[in-house]
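Contents: one structure, followed by commentary.
The first chain written gets the first letter, and so on, giving A, B and C; residue counts start at 1 in each chain.
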């Protein structure tokens, strides 16, 4: 039973990790909390729903949905954040409020276009379940874990192994110097928004197909917990977000084991506050004054 | 090679650069000296595209108008800068810092040549290749900043205060290296507060005062100009 | 380029605002058919004022389906009455419906809107559920506006006063049937899954109290009580708890949408457990959402759409014809009946004044889907209940499953 809750925790934790990496990506590059991320995830899941229903092939549909969601994310940056960055006098609060505003705009558009009710979504990963000792692995749980790990590995490669990733890390460390070194910061920022959008869509798709449900508020609770996980791990640090997500997921399920389902939602935030009291920059966060 | 005509730059309402004209010829070391706030760095940042220029300003490089190009386009055309305060990437390794200098280049073989060249100039960087740049000493960070600028294989290298905050023997060494880089065919524009050192290695110099060019002549003439001596060379 | 973008942005914002107001606040629902009926009538009987009924319900949010079904039930009743020539010698019925989003805050403001609208003479459908219903009830009572809930089951609801009626099972009434369910389906180890809400907590307490009293006589024990909070999507920790306790039957104390999620996740791990749902799970949307995972689920409802009762058949046929073959649920049927009994009260009083309806409804009765409907001294309707099992996506009646409570208790010893 305890072991089972750990397995459940890892599986939900990897979903949190996937979402919280999206927060970290944007925070890393722009030092901003992308509070619109949860809605971008929801829109992504709904794109998957509509495109799969359009019946031009399952995988093509998902790929189109990924690209579209990436574009929504880029649109957000190009149409709202980029003009703000140019204006003198706009600070982090302006940007934060803009993101929260866009979050509600997207949420509302979702309600108008797709309606507020819960809609069924097909589970593409159902191959039965596997029992090892007293622990039951559900096939879709396994697929979700595997997919999340693959995506996280791919993101790690992009950021630490590719040229554009080097550009992203440079922009994160010192935007001005990156600019002077010949890094096209606009391209880097746009790219970051694009892949964070794609990650959001993948997370949305995995969640929708695991729970076989889609609805406009699906991102709300998830976004909150994933954001807590990102801050917990040290926002802006990729592996920190992954570990933060796992910690939140596992402790949440363990808490249910010890204290029952009522405390579950509070767990993420209790851990978050405790950790921040001890390590204000998060578990793997670097304090801001490492710059020379 | 580089022609700057009627350069005017504003910070909000502050008119920082007033009608500056300057020229750099192929193969030269040109220095810009002046006191704090004279507009040296602003001039440099205007040239490399970070700051927006007022209407009427014109910057030409190798015959092409680069006034309104973005920094990365300007780097691609062969101007690179080692900025004031070094501006290295403290959390990245030394070799990643250098790799970023070559960000606009695609030919892998040529890039690895550039690595060799930088490591030959600064053997200390080779030793610390894998180390985070933030852990380097001040002098090493300055080497890294210059090395990074060289990685783009520039035709014109802009150096902003390379001697700032360094011990005298390190300053000497850096200036020796600048001369050496110039000897390898890179034209250099050197911004310095340390005017006596700068005028020693430069062919020509511009002296800025409150955003205007006060004097402009060969380095030799400037070194012997009384007014310059009094104001910038410690009155000797 | 920048201008074009900001234009698009402005448009997007404007659109979402418009969307907000149209789904968020108010719509006066008058169907096309009804408008034509009104005009035809008007030519005969010179501009008689319509009789306006009020409706509060969640048209957006998690329980939107119930709000929509209640409104649909009202529309079917209104059309039927208008087609027969209206009330009081030709006055047509109309409904003003507002979205309370299933929240107490919105519910209170919707109640105020209906109260301050002098045209509204009675409210045949107050907010969905007890939580919001209990917010609205004192407001309606104070204003002297008769309001009927078609879904509240909390004992305090109808006790608010003589304006507040319940056309639904009371909680105590529903518990008597819920408690029979595990016994009927032969449960040994029962798991209770309950939402932490006013309803969930009080229903669980009621169920446990019955078990305390009859536990040694029934064939099942409560092996596990597992709680979740509203908005939960991941039931894995609850399921682990239930499986660990060795439950062979699960009874679920919350709405169909949560139940569907739960069933989908539970079936992946244990395909054999029996599921029992409450009346709020009796809706075709449970099958739409839950698919194969809700096959074999047992549940119960006040409404049996396949009943041979002619009133039920008339209602179900009219409902399906109007809403593209959709099946009505108990909320729709109750709302339909509520309009009917208010109409009877209006005819009986010979007036559509709020005060007149308040007096008349105490003694009014009408033949409708629930049989001969009237309210008792507490303001509660007497309802009968039928048990169903989901087979091939259909709700199939399990005949003779339920006993009257006294008979059930007697059968135990």
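A few notes on this one:
We adopt the following convention: a residue touches a chain if its C-beta (ideal position, glycine included) is under 8 Å from a C-beta of that chain, and two chains touch if they have at least 3 such contacts.
Please read these numbers as outputs of a predicted model, since none were measured by experiment.
Separation of chain A from chain C in touch steps, taking the shortest path, is 1. Put simply, the chain nearest the middle, going by average C-alpha positions, is A. Chain pair with the most C-beta contact pairs: A-C. If you average the Cα atoms of chain A and of chain C, the two centres end up 37 Å apart. Between the CA-based centres of chain B and chain C the separation comes to 76 Å, rounded to the whole angstrom.
For the pair chain A and chain B, the distance between mean C-alpha positions equals 42 Å.
Considering their complex, residues 1, 4-5, 8, 11-12, 78-80, 83, 104-105, 108-109, 111-112, 115-120, 123, 126, 129, 136, 138-140, 207, 211-213, 217-218, 220-222, 252-253, 256-257, 260-262, 264-265 of chain A touch chain C. Against chain A, the residues of chain B that register as touching in their complex are 12, 48, 50, 70-72, 75-76, 80-81, 83, 86-92, 96, 99-101, 103-104, 134, 141, 148, 152.
Listing the residues of chain A that touch chain B in their complex gives 88, 163, 166-167, 169-170, 173-174, 176-184, 286, 290-292.
Contacts from chain C toward chain A in the complex involve residues 2, 5-6, 8-9, 12-13, 15-16, 19-20, 23, 60-62, 64-65, 196, 226-229, 231-234, 236-238, 240-241, 243-244, 257, 260-261, 264-265, 268-269, 285, 288-291.
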